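One chain, chain A, appears in both complexes that follow, with chain B as partner in the first and chain C in the second.
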Partner chain A sequence: MKSNSLERNQKLRTAGTYLFFIIGSIIMIFPFIWMLLTSFKTVAESMQIPPDFFPAQWIIDNFKDAMASLPFGALYKNTILLIFWRVVCAVAFSSMAGYAFAKLNFKGKNLLFSLVLVQMMLPSQIFITPQYQMLAKLGLTNTIFALVFPGLVSAFGTFFLRQAYMGIPDEISEAAYLDGCNQWQTFVKVMVPLTTSSMAALAVFTAVFAYGDLMWPLIANTDLKMMTLSSGLATLRGQFNTNFPVMMAGSLLAMIPMVVLYLFFQKQFIEGVAMTGGK
Partner chain B sequence: MANNSKAGKFAKTEGMWGYIMVAPTIIGLIVLNLYPFIDTLKLSFTKTKPFGFYEFNGLTNYINMFTNADFWRANLNTIYFCLLTVPLGIFLALVVAVMLNTKIKGRTAFRAIFFLPMVVAPAAVAMVWKWMFNTEYGIINTLLGHNVNWITNPNVVMVTCAIVAIWSAIGYDAVLLLSGLQNISKSYYEAASLDGATKIQQFFHITLPMVSPTLFVVMIMRLMSSLKVYDLIYMIVEESNPALTSAQSLMFLFYRESFVAGNKGYGSAVVIWTVLLIGIVTAFQFWGQKKWVNYEV
Partner chain C sequence: MASLSLKNIWKRYPNGYEAVKDFNLEIEDKEFIIFVGPSGCGKSTTLRMVAGLESISDGEFKIDGQLMNDVEPKDRDIAMVFQSYALYPHMTVYDNMAFGLKIKKTPKDEIDKKVREAAKILDLEKLLDRKPRALSGGQRQRVAMGRAIVRNPKVFLMDEPLSNLDAKLRVQMRTEISKLHQRLGATIIYVTHDQTEAMTLGTRIVVMKDGVVQQIASPQTLYNEPDNLFVAGFIGSPQMNFVDAVCEVEGQDVYLKAGDYRVPLSPEKGKKLIDGGYKGKEVIMGIRPEDVSDPASTRAKNQAVVKGTVNVYELLGAEVYLYFDMCGTQMTARVNSSTTARENDVVDFVLDTDKIHVFDKETEKAIAH
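So, the complex of A and B:
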């Protein structure tokens, strides 16, 4: 009798959990579905009250219009280059510094590491104005370098990879130098391969935030051809106040590449962000 | 003996390699962060002149700031935004995380769905919500059967931004909380079940105390990023929006002053103030955590 009611309780609970997830999933996905459906409607259709869920005719004119008002080829290229250089710099320089801070002894190490910690605690906006002025003085605004500039080194990445190297026992590097490796060889051939999962997590984290960043790209590159997908999309916000289908088409074009990557590598994305979590 | 001399040589080069390997990062941090930090501080005591010149003007920026109604309004807006997003957002994220921690089919898929907004640029997220919140033609007002001015009503605009912010962050926070939940040993729940504790009792007496360190980290992080909120508001609220001053956060004010109006000195004072505010709020959090965060076990 009692076990029966327990079983029924368990079933009810499972049903409740599913109901929660189904409603939650609808709330999470609906905006993207609405974006997709709107992007294929005519303006008149999008303003119809009450709205039809599906477009009467799936038209692609909105995508043509979006591509005519934004140079999407250039935006994709700039965004890819920004992500590429940010990731390469963050992973390479942070690996080196993280290893040195974790495993090597040198004078002033703690003082230098405190510089890393202080930078991590300060919000990036406090650096933005002088960073912009440096670039402006050198005439380097509206370049790929300008986009990458604040992310040339990563205090967070240094901290994160230092943690990874701290987890590796000293015996491994000792064994390497007994085998005749010098410091650099020990680092590159033995230590770096041991941190691949941490490096991958840092790469994912850096890429996602470089892609979503809005303030810096808006400030550094004001020439439309040198913008990123995010900042380029932001220029549409005032331009088509009533033409929502074109804005939805533009948004869709801007988000598709990252979403496709995410669908293939969602485990790496989520674990990468969960591992680095806390920033 | 041979080994020793090899080891000695290895140790001797250690310091040199240490400097070589931290050099790019340290030089970068000095040029990109240390110098700009000092420069922002300096700028906050100057007046911006044409042609890139600056003139020292003492505390004028700070006095102007503290006597400016828009500045205090931005403080209130930012704090209001935090109050709207942080408690509710973290509560919902915890519920999602607890649900994801049960053994049900398809949990990986559900986790991926909740996390999805994280990989979409905030600019694109804001665009679609702005469309759904549109007063005349938006789907939300159609469903409500009521014309709410979600974006242009000064009393509502911050709630609108908060809804979008919570929706965007819930999956990210839930994933972090989930990793905290997964570290709780199953044996606690087994023992509690044997003692006849209900699921609700188990949640309050086992789950909540055990996940409190993760909860604290998520809360600090969410609070810091809410105090710095900028991109969503920038996308949702245009310069011509009559509700602009009601939605203007501190970082939005900083951006508009420094890069739209060109008052880099005044903007720097705003950003210095914001950093102080974040520092004070965070210090309070660390002080308050002793009362509710459980580091035992």
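So, the complex of A and C:
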């Protein structure tokens, strides 16, 4: 009798857990489904109250209109270059800075690291004006460099990889010194290979952030051909009315690079999200 | 291989803490030197200064007559085996062992030959393709040794290399290290806090405490003629028994009076006490547990008998430790397992007076052995 009631309670608990997660998943995925369905609706259907869940007719004209409204080739290229350079720079510079803060002894180390932490604590928006002024004075607005510029160094990346290097026992680097390595060889041949999973996580985090970054690309590059997917899509939104089906179709097209990236680096994505706490 | 010279070596940290104080040692070629002492005594710091992983605050360190104070670790031609082994986790056993040679741009076929030779010596041939995480503690330890061997360095440094192994494996690896020393004829400095390792491996032992060298001698000398109370207590297990006593002189005879007991000393020891002006003064009497026995098993020529009640009886197989009180101090007797003494028995314990050590109570330095 007892074991039967125990089993029943356990099954109820499992069912409850499943129900909780299924509801959560539906809430999470609903906007995406809504976007997908809206992209096949007419403008009238998309604005209808009460709304219809499915379109009356599945039309693909919205995709054609989106592609005609925006230079998608340039947007894809700019977004891919933005992601590539931000990831390369963030991983390379954060790795070196993180190693220095974790394993090297130099004067002012703690003060410098405090400054890195301060940068992490301040909202990124306060840096936008000086960063834009610097770029404008250098005549570098409307360039790929302008898109990449704020992500050349990453305070979060430096902190994150410092923690990764701190987790490696000092004996490993000392063994490398005794094996004949200099500082650079120790870093490249021994320390970097030991932090690849953390670097992959940082790369994923940086890529996702760069892909979704809207404010800076909108400010730095006003020429449509130099915009990213996110800033380009924002131009579809009118001041008085917005063609939501076309916008949703454009958004679906804009998702392609991330979906492809995810398919190739699924394991790193999941690890990265778990390690960085990113979304 | 090489000879090493450490003269007046000091290690001071920025906060003023002195980890090593005026360390002096000359190490001959092919010697197996042991640094031993309790935690925080400065033995590992000294080893790290030899390796170049810690800077030397003061003094001179030379290898083959060449000053090494400011030479980078990579240029000292030293190999080190760490307590944690410090194997490169992302490399195979082969690559771990070959890494140092690759950095020196040694030709590939020569690297291969040396790695396979070392693997053969250490019985690692079947493990060369494995990563460290797929190895047991003992195998990792052997890879760490192999990594040191392939480089054929001037000096091998070993920082508590056996302390992460279980007791059985430790004994086995101790023997292997000893064999390796004989085979390679290498100069080795070995740090340990385990005095059994120190006694069994070393040609000479450096005993340290609070950054100061207490005694440098062969294992036998350290055991039989400790320079001070610390060395006498640190070397030997169970440790030497110490009892407070007063030096009494009657004519030519010298006694140590401890409580109600008078322990006669040999004329040589007595003379040292008289010459040192210890007549009537307090001293510390030391005697090793194996020199305290029950009447049935004693072989002492000159004896003193003390009566004691056995508090604890510990059977270790071939021998028995009997713990009893003498003048308020707990004493240990190491006797044959055939002893009939048991807990709460009153036993006449026999002290071998030829084996008594006497120490100055104030300076703790040895007066007579």
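Operating definition for what follows: the second predicted complex is superposed on the first by the 248 of 279 C-alpha atoms of A that agree within 3 Å, B and C clash if a C-alpha of one lies under 4 Å from a C-alpha of the other, contacts with A are read in each partner's own complex, and residues count from 1 in each chain.
Throughout what follows, a contact is a pair of C-beta atoms (placed from the backbone, for glycine too) under 8 Å apart; a residue touches a chain by one contact, two chains touch by 3 or more.
Note that the coordinates shown come from a computational prediction; the quantities given were computed from them, not determined experimentally.
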item: Contacts of A:Gln125 with chain B and chain C, given as first, second, both or neither; value: first
item: Partner chain in contact with A:Asn182 - chain B first, chain C second, else both or neither; value: both
item: Partner chain(s) touched by A:Leu194 [first = chain B, second = chain C, both, neither]; value: second
item: Chain B versus chain C as contact partner of A:Ile172, first or second or both or neither; value: second
item: First (chain B), second (chain C), both or neither touched by A:Pro150; value: first
item: Of chain C and chain B, partner touching more chain A residues; value: B
item: Which superposed partner A:Phe106 touches (first chain B, second chain C, both, neither); value: first
item: First, second, both or neither for A:Met247, with chain B first and chain C second; value: first
item: Overlap of chain C and chain B interfaces on chain A (superposed complexes); value: 177-178, 180, 182
item: Interface residues, chain A side, partner chain C - complex; value: 169, 171-172, 174-182, 185, 189-190, 193-194
item: Chain A residues touching chain B - in the complex, by the definition given at the top; value: 13-14, 17-18, 20-21, 24-25, 27-29, 31-32, 34-35, 38, 46-47, 49-51, 93-94, 96-97, 99-101, 104-107, 109, 112, 115-116, 119, 122-123, 125-134, 136-137, 149-150, 152-155, 158, 177-178, 180, 182-184, 187, 208, 211-212, 214-215, 218-219, 229-231, 233-234, 236-238, 244, 247-248, 250-252, 254-255, 258-259, 261-262, 266-267, 269-270, 273-274, 277-279
item: Of chain C, residues touching chain A in the complex; value: 51-53, 72-74, 78-80, 82-84, 86-90, 99-100, 103-104, 147, 151
item: Residue ranges of chain B touching chain A (in the complex, touch as defined); value: 3, 6-7, 10, 13-19, 21-22, 24-37, 39-40, 43, 52, 96, 99, 102, 104, 106, 108, 110-125, 127-132, 134, 136-137, 139, 142, 167, 171-172, 175-176, 178-179, 199, 217, 221, 224, 228, 230-231, 234-235, 238-240, 251, 254-255, 258-259, 264, 267-268, 271-272, 274-275, 278
